[in-house]
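Following this message is one structure expressed as structure tokens.
Chain naming follows the written order as A, B, C and D, and within any one chain the residues start at number 1.
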Amino acid sequence: MNFASDNTGRVHPKIMAALAAANEGHLPSYGTDPITRAAQDRIREIFEAPEAAVHFVSTGTASNALALSLLTPGWGRVFCHENAHIQTSETGAPEFFMGGGKLLLVGGEGGKMDTASFAHALQTYGDASVHAGQNSGLSLTNGTEAGTIYSVGEVRDLSAMAHDAGLAVHMDGARFANALAAQNTSAADATWRAGVDILSLGATKNGCMGAEAVVIFDPAKSMEFEYRRKRGGHLFSKHRYLSAQILAWLDDGLWLELAGHANAMARALAEGLAGIAGVAIDQRVETNGVFVTLPQAAVTRLVAAGASFHYWPEPAEGDASVSLRLICGWDTRPEDVERFLSVLREG
Amino acid sequence: MNFASDNTGRVHPKIMAALAAANEGHLPSYGTDPITRAAQDRIREIFEAPEAAVHFVSTGTASNALALSLLTPGWGRVFCHENAHIQTSETGAPEFFMGGGKLLLVGGEGGKMDTASFAHALQTYGDASVHAGQNSGLSLTNGTEAGTIYSVGEVRDLSAMAHDAGLAVHMDGARFANALAAQNTSAADATWRAGVDILSLGATKNGCMGAEAVVIFDPAKSMEFEYRRKRGGHLFSKHRYLSAQILAWLDDGLWLELAGHANAMARALAEGLAGIAGVAIDQRVETNGVFVTLPQAAVTRLVAAGASFHYWPEPAEGDASVSLRLICGWDTRPEDVERFLSVLREG
Amino acid sequence: MNFASDNTGRVHPKIMAALAAANEGHLPSYGTDPITRAAQDRIREIFEAPEAAVHFVSTGTASNALALSLLTPGWGRVFCHENAHIQTSETGAPEFFMGGGKLLLVGGEGGKMDTASFAHALQTYGDASVHAGQNSGLSLTNGTEAGTIYSVGEVRDLSAMAHDAGLAVHMDGARFANALAAQNTSAADATWRAGVDILSLGATKNGCMGAEAVVIFDPAKSMEFEYRRKRGGHLFSKHRYLSAQILAWLDDGLWLELAGHANAMARALAEGLAGIAGVAIDQRVETNGVFVTLPQAAVTRLVAAGASFHYWPEPAEGDASVSLRLICGWDTRPEDVERFLSVLREG
Amino acid sequence: MNFASDNTGRVHPKIMAALAAANEGHLPSYGTDPITRAAQDRIREIFEAPEAAVHFVSTGTASNALALSLLTPGWGRVFCHENAHIQTSETGAPEFFMGGGKLLLVGGEGGKMDTASFAHALQTYGDASVHAGQNSGLSLTNGTEAGTIYSVGEVRDLSAMAHDAGLAVHMDGARFANALAAQNTSAADATWRAGVDILSLGATKNGCMGAEAVVIFDPAKSMEFEYRRKRGGHLFSKHRYLSAQILAWLDDGLWLELAGHANAMARALAEGLAGIAGVAIDQRVETNGVFVTLPQAAVTRLVAAGASFHYWPEPAEGDASVSLRLICGWDTRPEDVERFLSVLREG
């Protein structure tokens, strides 16, 4: 009954098997090996982007911060949702890699900005100037930190506004597989065809050990990325082990299968919760997270039964009802969901 | 016959097995899991440093750059050998993480500074001042980039000079295991008892997949390291897989066994080379690297026979003799060495 | 009729005279001259802070950004009002000098946060953590960007909350003289006795050519400031000319006299405006700025009559009424105010 | 008898007069005033570079560091002489503004690199790569820190080598006026026609109060410079006072007249010194500095007589002879030189 995070889970057996298979003989280091080339090619194929530059790193924070640093000078300003992971949970990594660039916060329900809130922020923060800084980027998280998704149309509209304002578009895709699995669309339609310039494509949360891809749809920026990655200490020497994870994760659509399973578990959990008295679902459940408010007494029972989760936000002393984030992963089992619901129903 | 780099090799089977064993169930993320605690404790025990802070990252560049940034403000100056990896091969990562700090170069034979060359550099660069900057660190690589080692006495003397000059001491131990295996001493004697303040302890080159430990003998700096690691994008989410590598690598002295084997292969290679006409050994062979100069014709034969290595330095067009770096790893086999020598002897 | 900015004005004749008087013979450079020492001592005396470190720079942005960098590591977070100059008008200088630190925005009427809005922000952004960053500073602007002031009691209450939360307190005093002249209090009571740790004391807007003092009440940080100032390119070589401005500005209370005059002109302007139909005063007028909303037609007349000012904010095409910022300076004459009011009254 | 530095001197009366003349009425701030435009135009005219971008800052360190940051990314490498001011005396400001870029040191007699020593350095540091970094700039100081000059031909040859190697060329012209006054050439021939891409044109040492121009011969970089200047805290608000200095300094060739005088005084000093027994001139005297070695006893007499200068380098306890740097300025009088020589001759 671990619903704490998709980072507490393990590595999918097929990915472990790929690591074992890659563990033969000598191969060139630093990303010049054939496994890396194969993984890069596979991503270009899936995204129908034969010219895209594709590079791998081992953490999501590195992926986001390096990607943003390609879009934004040290005097630049990047718009993002006020709950974006790059703002709340990366300890200034974006600012560090951008060389001091600034994140400007946009409001919006369900972890999403919309064209109105983005327009409002553009007006609030005003035009670029030597006093204000250069407006340089928009970062959208898809799937969002609130378990919701931006539709292809929403990405297209926000990207168009961004491009009109001179901003390049980054997508934090830590849960891009979950977002894609939740929609009837293609990887290309959900990204570059909708205006995304750089995608941070997350694999760690979705079955890998520690592997993320940065997909740069304008290949002219590729060499700069390579310099920045090395300078950030993010160029793996035994690079095959990074690439082998990605390759296995993409093979036969495993990435979408795992994400789809996690989404289905979250949906089942949400449906069960909706039928329990005193429990309120706080956000639309579109990917693998369920945000819920319920009585403190129920939470006490869940803890006693061994359930894991994060309070969202931290409750104050004596609150009668508290809010939780429940995350499902590729390895969440129907019986975990069922048992969680049972504990609540017994109340 | 791959002598290109200790980064082209594979992961030791025991370490692969440890990764598989760690791949069970849910564990807390971001370094709060029991495997991480066990690996940290094991290092404290081996280094007889019960209070030391121990943190893990996945690349040597991150390990060095983060360690240096703990010692040096952005206006600081760190002395290192002119051939140090932090100067020649890390694309400004130390300067980036230090926030602009400067590396000051010290000469010396065999990839090593000595007390005379260090004293000369201290005098050349002069006292700290608001115009010159703050003298803040000394970084020693052990084993060195030239296949040699600093003895315990040499580390002690250089560290004492550094401390007298107000400098903290960092050791780039990308090949610390090789240096330790080559000497009859303890990990503690070779580091903190000799004056080392922070050790970047490399495991990747010596059988791991991508795992390095930073050992901070003054634990007061631990939290700062954690902030810096996260901000650098170097905090692994599924952290158990970093720690499991380290733990297996240290288990039953595997780290020293592997390093000792690599050293022995280099020694065998050097001994064989020494008996071949026209071949000159350029550096003392004390760890796992052999630096050698030989006729171009011999190199052509080696290439034809499938040998891999790096030119050191790049030869100019038409040079009659060229210089090579030959690196042995934990997985170098006696028959690789023998075959390499045979090709040369057949000339 | 120039109400555009206190930066468009000239240098007070007494300060020009002091520069001429300082222009004799040779003096040590880089701040080791007697004029600098005298100016530092004068500030220590006025602030009743005999131990304070006092350093001079030539721009307000440098003063703020360097001061903040003393309080905040690159992974730190500084709370400030959402309209603070450091957030809106310094192009990322604070982030650059802090090495990537983050500004967290606090709301509040009249350009001021209050204990409720600050408490709300502290709760919103949460505790320091390796994921969120280190909460390190609070920056208050006094007089504010909206022409208002924080009372001594308000500074004391906010500083106490900040210190309780582990934050150090910076005051952006670009218009500190105006704030002090508006209150019946001492420089010490308005700063360190109320909890301010570092003051950026502005003189440029108030009669100097380009001179600002940074007053660091904890002298242990003095040398770090000196390194940071030099590294930022802000250590004047012919330093006497910076210090001579400050000394003359403080002499015989000139600084408060000039600020008091500017405040009085703003008050007179506001009183006149209040009596004109269709004109609304938008903020309490407590220092030298008047924020006013009036019909577009009136503004057209003002422009035709040669008045200068900034729109605040930029009006949209076709707005019937627009908002202006009117700034008075030490050199604003009663007849400028009168003529401005006359143009409006004639409407 | 002050030969300590050209920074200990005062401001030329014509420049003081220009500041007084500029002190009238209101003018737009932040560099949009007519005095600034006039000063920019004057520089474009003198350098026969009608398209060049020209911006002003107040310190030489800011001028150099900002200029270098235009040429060099954070992973870049800039070649400079080992005694260059940017390496020895700016506390890491270049590295800070470049975002971590690296200075690579080139040897050479008389404070100058030559084509051989530069070629040697290019070979030593090798090609750009993702491991080594990007070779991006060459910085030449003219006049040099050793009182010598690069001839137009020397600048042309070194710049051509730099451009061939993909490096842009910066000239640290803190004493460019002295170098120009010493040669029969034009400002254009000595800079962009010889291959210089950006010039830091120093005026402070040569009669100004604190004013330096950055001349960017490729105007496409102008806006980036403006962002960087503001972000560095180097955009003066009351900008007219910076520009008025530059304008008066250039008027009627005052800059070359003052530099020529300083050079002549140095030449007279050197000629006198050459005739005194036991005194050795250490460098060719081509601008306004004289580097000399003489007996300790003579130095003691000079000190007793009230002479000021810098030891170069710091002598060790008990040295029989010591070395000095003697700098002449626009305000050095023939009688100062004569008295200095007299004290020595009396020995």
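Methods note: contacts are C-beta pairs under 8 Å (C-beta built on N, C-alpha and C of every residue); 3 or more make two chains touch, one makes a residue touch a chain.
Model, not experiment: these values are computed from the prediction.
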Farthest CA centroid from chain B: chain C
When B-C and A-B are ranked by contacting C-beta pairs, first place goes to A-B
Per the C-alpha means, the centres of chain B and chain C lie apart by a whole-Å value of 51
Rounded to the nearest Å, the gap separating the Cα centres of chain B and chain D is 41
Averaging C-alpha coordinates per chain, one finds the centres of chain A and chain B separated by a number of Å equal to 34
Contacts with two or more other chains occur in chain C at residues 30, 74-75, 90-92, 96, 99-100, 130-131, 133, 227, 230-231, 235
In the complex, chain B touches chain C at residues 30, 73-75, 99-100, 130-131, 133-134, 224, 226-228, 230-231, 235
As the complex stands, chain B meets chain D at residues 74-77, 88-92, 95-96, 98-103, 105, 126, 130-133, 313-314
Within the complex, chain A is touched by chain B residues 2, 4-5, 7-11, 16, 19-20, 23-30, 57-63, 65-66, 90-93, 96-97, 204-205, 209-210, 227, 230-238, 241-242, 308
